[in-house]
């Protein structure tokens, strides 16, 4: 653990950003009360930041997904728990608390989703996400069938797989450059 | 292993695609002689396909990266070897053969990069990619320092980390929906 | 996850307890505001409960240990994080928050102690606890020397080893009988 | 491996012990022909020794357990085999030989309990102990049901879980301070 | 990776070999177009080379095995993939291509046999070989029964087990002395 | 564990063996007092038995090895401990007891070689054998150098590597066909 509070690589000041990114950061401040550190860290590579925000917003925030926003956040936290990613556990744990209105559910998923009082549908979804994270080579048709058995269709299976896969990317970025979450998350929605 | 040749989830025919994607696929045919199956599989979710192509092209094909295209492909194959991702080993193994003009190098990286006759710089880069894939929680400042010791700067460290992280996403998508590579890759650049 | 709120095995009502245990539980209520569920679960076997309380109080609460109470709780949480023990992460995570007055420190240790801003002494202590938990057969004289190098003497090394070992016992009891923590812990000391 | 024959930490001479412990050690000598080295090592912390003996005797020697003493020792040896704890394999392996009158059974359990000619009841008991040791987070209701299916009731399930958990504590103490068993065990009950 | 092209230990020139081995190497040259580097490496210990050739030829080339030569080579490649043995993946991967006349099958087995379009019989055979390689202590009667269920008799089960076991020997020799395959294999039978 | 006492596959009676094997078995009876069950099990495939005996005798019994017979047996037991092979631990554990005249040494190596009071030369030899067994892909020049540092030359490094590799073969055969050792070994040389 080093002294930095955002990333082990350089983090540009907001004044150094292109106009579109400065605007985006201001909107974050207004809507969320903070600029997520992942964006500040990614601003080191502005083109990457734009791509990252595009794919992130499409996956996690779009309204036409077969998964609810809460379900997507539960997958994010489960994957991050498997990978022990402090950044994502803190940032997305807060999202689970906020979206569910259930602060304890967030703790269950962050610490050990198997202890959470889940519907079979959600449990199956998180079992798939965990397995795809921990032993991706063992995932096979039987695992997709287990999702179908609790009511997920092909479009949902895609999204479960892609959301879990995507957080295996972000978790590793956080580990790889030692990204630290905004401290504000810790106290929110407890 | 099922009977399909692209993905375990539905794959839309080219005629069902939006115009921009139809055009993109035609360009692939012309330039590469094939439409990579990853694009055909992703076409099941057109918005995701667009996001995926954006980030993929930015990471792997942009000209202003501190890593050569060959180095990026070597990282892709090393990560895919760790995750035993058949799709990416075949598709990106071919890229390593093509970009290096050395068919045996592709075999080394796909089967066991530690046996490859690599410069210390490349070996350090692949060691970092492997570790970030296999035990992300063990990556720390000493691993970044090992990259600096062979001459990589911060911008390069970012790209090594992000490329390795990204293939942990694509590898899991391939495992999660059982994506199969185009058969043409196998014979190319041997 | 089943429906119970304390344990998968029978939990006696307070009225069924021997007088000494009833009294102990009343003291818990008065001092802590709750009877920790581990005690209620252990009351299924009263003799074991008495032995458990003796050893627990000796290890975690005695005043003449070379480790502070906070340090002992940090070891408890680190071991429980390695074992993904929901009960102990919740109950002892609260203790770390309470004893340190630093709610964020508790999150760091519960989710990934390697991200916590620790003094070298504490980091070495937790590295030892983690290794003794995860790969006990790899612990050797070099690991004890690493503790000596940051100032721990033999008496402290014993206590680090015993505290870490003890939570490998309680974590497994919690997993083995599916013990659930009191819900009050979640909101305390945030 | 160092030169010591009891522990890597200081071991007080018998004359330095409190009267109650001196008496206890004399009784050991008379009854067992030796003072187990675990007691001599623990005497470095007399209060801990007293707690350790209390819980050990309650778990392993009490007459009102739903498990026979041999069964408890078989669990001890199975857990110690999983953790590769030399001290406990030697000391409790001897106990299995003595209590069963079957020296070969002790070898089976110490080296690989799956090769032992066991009744289904005992096999299920040791499978549970092994799993709780190796992958505690994977233990769930199905594992408890497997114990019920071969006739164990709740009280027995508790004792299987607690005995297995307890040896995960003692094994780690032995690894953590490099405890060595009395040499006399090796030749006994062959 | 060192500079050598055969082995990290000394490799005698052909002129230094005993007459029988010189003759054997000449036959290899005539029949295969090359002397496999494993033989050149083993020539450092001529008696061992003779024993190795005897057992290798008996296992892999004898005509009275219940397994086809292709099946034996598929086992060899599957085991070598699990152990990530570059030498055997290259040399026996070429054999799978040559014997099957299907260059893509060789890629499937070398990179991830679970993606190969296999008959249930072959899939069961390779599942057994993989498990015996990765977690030998978990192999039990149920695994042998799975082989019987797809039609293998006792004589075939023996050969599946022995072929898989044997390549756990050769893979480790290749890793242990850093054996490198003849470069000619890479281009053959593509 | 099944009921058989030699192997899960058919074991021919001695009268069914070819003359050379009958003679060999009679010599075993005379010299060792028993026919090792591995030979009785292998007699199911007489050609394989002959090859196995050839390579076994060359590796373990030849007089011109740079390793003593005891050292070769110590490697055999260490590898078998890593693989938890009951057959080889029992049969070769007895050999370590017999050749060393030190029954406790055999226990150390069978249960956990790291606890054995070994010379640096022997410790390095067993560390290499363990690593080549457990993580063969991690073995590299530094491991061979560690052997050179304690005085082993190239010829000895070969034999350490080959002996360790060979027992990865025999251990898997024993697991694969559930081979059981002769009961006489247990009591010998205690």
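Every chain is named by a letter (A, B, C, D, E and F) in the order it is written, and numbering of its residues begins at 1.
Here is the rule we use: a contact is a pair of C-beta atoms (placed from the backbone, for glycine too) under 8 Å apart; a residue touches a chain by one contact, two chains touch by 3 or more.
Worth saying up front: this structure is predicted, and the values here are computed from it rather than measured.
Touch-path distance (fewest steps) from subunit A to subunit F is 2. Chain centre most remote from that of subunit C: E (centre = mean of CA atoms).
Set against the C-alpha centre of subunit A, every other chain centre is closer than that of F. In this structure, the chain pairs B-C and E-F differ in their number of contacting C-beta pairs, and the larger number is found at E-F. Centre to centre, using the average C-alpha position, subunit B and subunit E are separated by 29 Å. Rounded to whole angstrom, the centroid-to-centroid distance between subunit C and subunit F, based on C-alpha atoms, equals 44 Å.
Among all residues of subunit C, those that touch two or more other chains are 84-85, 112, 114, 137, 140, 178.
The chain pairs satisfying the stated touch condition come to A-B, A-C, A-D, A-E, B-C, B-E, B-F, C-D, C-F, D-E, D-F, E-F. Those residues of subunit A lying in contact with subunit E across their complex are 137, 140. Listed in rising order, the residues of subunit C touching subunit D in the complex are 2, 8-10, 44-45, 47-48, 51-52, 54-55, 58-59, 62, 83-85, 132-133, 136-137, 139-141, 144, 154-155, 157-158, 161-162, 164-166, 168-173, 175-178. Within the complex, the subunit C residues that touch subunit B are 112, 114.
Residues 1, 3, 81, 84-86, 89-90, 103-104, 107-108, 110-112, 114-118, 123, 178, 180, 183, 186-187, 190 of subunit B are the ones that touch subunit E when the two sit in their complex.
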